[in-house]
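To start, I am sharing the structure in question, which I have written as structure tokens.
Order as written gives the chain letters A, B, C and D; numbering starts at 1 within each chain.
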Amino acid sequence: MRFSRFLSSSKSVLGRAANIKDSYWLKTQHGFSTSGPDLVTDAGSTSIGRFANYTVFKGKAALSMKPILPAIRELDSRSSRVYRNGSVILTFWPAVGQRKYDWEKKQVFALSATEVGSLIGLGPTESCEFLHDPSMKSSLEGQVKKSLSISPLGNDNGYFINLSVVNNIQKTNERLSVPISKAEFTVIRTVLSYVLPHIMGWPQAMMRAQQPTTETKTSKSRPDPIFEWGR
Amino acid sequence: MRFSRFLSSSKSVLGRAANIKDSYWLKTQHGFSTSGPDLVTDAGSTSIGRFANYTVFKGKAALSMKPILPAIRELDSRSSRVYRNGSVILTFWPAVGQRKYDWEKKQVFALSATEVGSLIGLGPTESCEFLHDPSMKSSLEGQVKKSLSISPLGNDNGYFINLSVVNNIQKTNERLSVPISKAEFTVIRTVLSYVLPHIMGWPQAMMRAQQPTTETKTSKSRPDPIFEWGR
Amino acid sequence: MRFSRFLSSSKSVLGRAANIKDSYWLKTQHGFSTSGPDLVTDAGSTSIGRFANYTVFKGKAALSMKPILPAIRELDSRSSRVYRNGSVILTFWPAVGQRKYDWEKKQVFALSATEVGSLIGLGPTESCEFLHDPSMKSSLEGQVKKSLSISPLGNDNGYFINLSVVNNIQKTNERLSVPISKAEFTVIRTVLSYVLPHIMGWPQAMMRAQQPTTETKTSKSRPDPIFEWGR
Amino acid sequence: MRFSRFLSSSKSVLGRAANIKDSYWLKTQHGFSTSGPDLVTDAGSTSIGRFANYTVFKGKAALSMKPILPAIRELDSRSSRVYRNGSVILTFWPAVGQRKYDWEKKQVFALSATEVGSLIGLGPTESCEFLHDPSMKSSLEGQVKKSLSISPLGNDNGYFINLSVVNNIQKTNERLSVPISKAEFTVIRTVLSYVLPHIMGWPQAMMRAQQPTTETKTSKSRPDPIFEWGR
């Protein structure tokens, strides 16, 4: 079943890549919603049911980004609380021929809110690196190390996004690299800036703003001092 | 019918242009909602039913921008998927006299998400160009070539937006040019930054954030590691 | 009736100004929701029923900003259209004593979307000016001329916002000036950037994004070519 | 009861801090939703029922930010008004050992909209300071003075956020200091820019934009002149 899904997905990736190749005279595509990138979510999470992503297909690999929402717990009718933060999932998969990408060889990296902040705040000549252990707290802790690095292409032309995965269990050391143009990075910065408050659960806290009360205190221009009189 | 609509539309454009000319002492107008610009959508798409645009009327041509939403497909009660990305439609039409514009001679260009990123990320001295073949995948493929270029006016005064359309069928080669002031470009950059996540379908993916679950796991500050344990 | 409202309003402005003076050790207040500023809307518009503003009280005058939404017309169950654009209303009123402001002497200026773009795009050393004739298209056309100018305070310390109103009917020539700190201008730039798409009616055009269809076309990564095949 | 909550909270802080320490190889954590930070709201306010925050744990202290919404009063079915502005609450609490923080010793500071503007507009080499008297208008007025200062770490590496609280009643003078990395400050700037219009109540004013009227006036490209004809 999973295999058949992989077939259909890689077929559609191939088909669409070709399709786009013709329709644009550009070297990158975007905004795909292949069943491919969604397999990550299907496998890894039930916390999101609606799929959106941004995918770029380059010569040696493809990169897709998608948001994962935080998990919110209702405490009572009036309150709720984030019990698991959201993230932005980066999925890389290698090219295995012209406009062919091998979905089975995909590698994923989940950016936290602070890592998203690091990415969207990156200056044109700056770079950053994040290190994760995906199997932490499991019997495999320390066996797999992932490193994501973002470095400038130079002349304000965009960035290289590199993922390296050292797997001591499978004795593998993989490296996937995707060049991101300035235009693509502007899209990434814009959608990640939009998505950042959402993966942190802030819009929920804002929801009550939509429900005016009928209290009748007099207006005050500053926060109620009791907020600052904590002890 | 279409003809009558064109008449009413060009009448209203003329009427309003005059009207504005008096009300502002400025050389540009904006935010028109003429039936003119909407004909594009009426003709070209059923994927949007609510009309918003931003239009500037200049000496030689008028330019209007409007968002086209992505088409989303429900997969089941909990999930959906983008099956056609949205875009931002630019519509140009030439002046045929003082404050008169010929809607029948309009030309349209649809910006993809990455092209919108290129536009909103443009530095004061930078320029960009996009090439499209609107009849790709049709019997007319390669017969029509459209080129949109954006170049600075100089001294941080805004940009020139040029559309050239070479049509080998009709043996025509048209060029439409609209100067955009810095203030107008700030409006364009602001609304396109707002609209970019929407044409990519990300707000839908965010919708579930409004629906807290009642699960009771303990809080975690990082994404569930399973997200990164893909294979 | 109007007079009594003025009394209560100026009383509340005075009362609160004092109240704030004590609560902050700062020279500016904000976010008032006095009945004062709302009189503008009460008098001038029925197109907004919910009041939000940002008000700064300075030595010689006070300045309040508030958004006016566009008026939208339903065309049918699936479509609507902006038939009057929104704006941002600036209201100035002079000080008539320490922390006393005379609401009866207020002057208002309505910023269009492009004028908002000019304001939010203003560089630290740039300035801009807008000229309006509020009585255009009326018997009083040309009798009143309003000029709003925004100029830097220097050293990236904020801006001076000046309104001059020449009224040939009342033979008056009034000038109101409010210095805006960099922090206050950051608030203004942030809320006006947020509000700009709203006064242009773009969020309505985005509403359908919340309603996935059940069509089953195959995914496409680019806008439907028909969008670009307009004639 | 409050004591037990403190225990559970500090336990969870400790547990999670450790947990994160392992999962990231980074020196900061974020986005906690401990019952700790929420005690502030529980104690200080009933105006928000949904919890979201952003917390950084550093060597000498932890800092958490959360939004407090404005209180809105319905005037009638069509209108409402902000009668108390929202704010952003900063909560500091000191470290009492490695990854141990004493919630009982917390100190809070409520940022107004203009203070949020000052923070998000801060240049890489700029600093700012705010002075509050939390007991103003009470019998304790003048007895407690709080000072929040934000100063650059240098080399565009982020900022130091310092809170000093001089309490003449308890004869105490406390100082809490938290270094914020550039990535963390980008998160803070992004979520506070998102939240600023909300704490000012502007989204409510925007709500009617979602409700098109059925009026049939002709379109106008500029605000109705009556808006500018106030007297």
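The working rule: contacts are C-beta pairs under 8 Å (C-beta built on N, C-alpha and C of every residue); 3 or more make two chains touch, one makes a residue touch a chain.
Computed from a predicted model, the values in this text were never measured in an experiment.
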With over half of the numbers shared counting as same, classify the chain B/chain C interface as same or different.
different
Between chain A and chain D, how many degrees of rotation does a Cα superposition need? Round to steps of 5.
90
Could you state the distance in Å from the CA-based centre of chain C to that of chain D?
26
Centroid distance [mean C-alpha coordinates] between chain C and chain A, Å:
37
The positions of chain A in contact with two or more other chains are 19, 23-24, 30-31, 33, 70, 80-83, 85, 112, 132, 136-137, 201, 204, 207, 218-222, 225
Quick check on the complex: what are the chain D residues that touch chain A?
19, 22-26, 28, 30-31, 33, 38, 40, 43-45, 47-52, 54, 66-74, 80-87, 89, 91, 104, 106-110, 112, 132, 134-138, 146, 156, 181-187, 190-191, 194-195, 198, 201, 203-204, 207
Across the complex, what residues on chain A touch chain D?
70, 78-83, 85, 112-118, 120-121, 123, 128, 130-133, 136-137, 141, 193, 196-197, 200-202, 204-210, 212-231
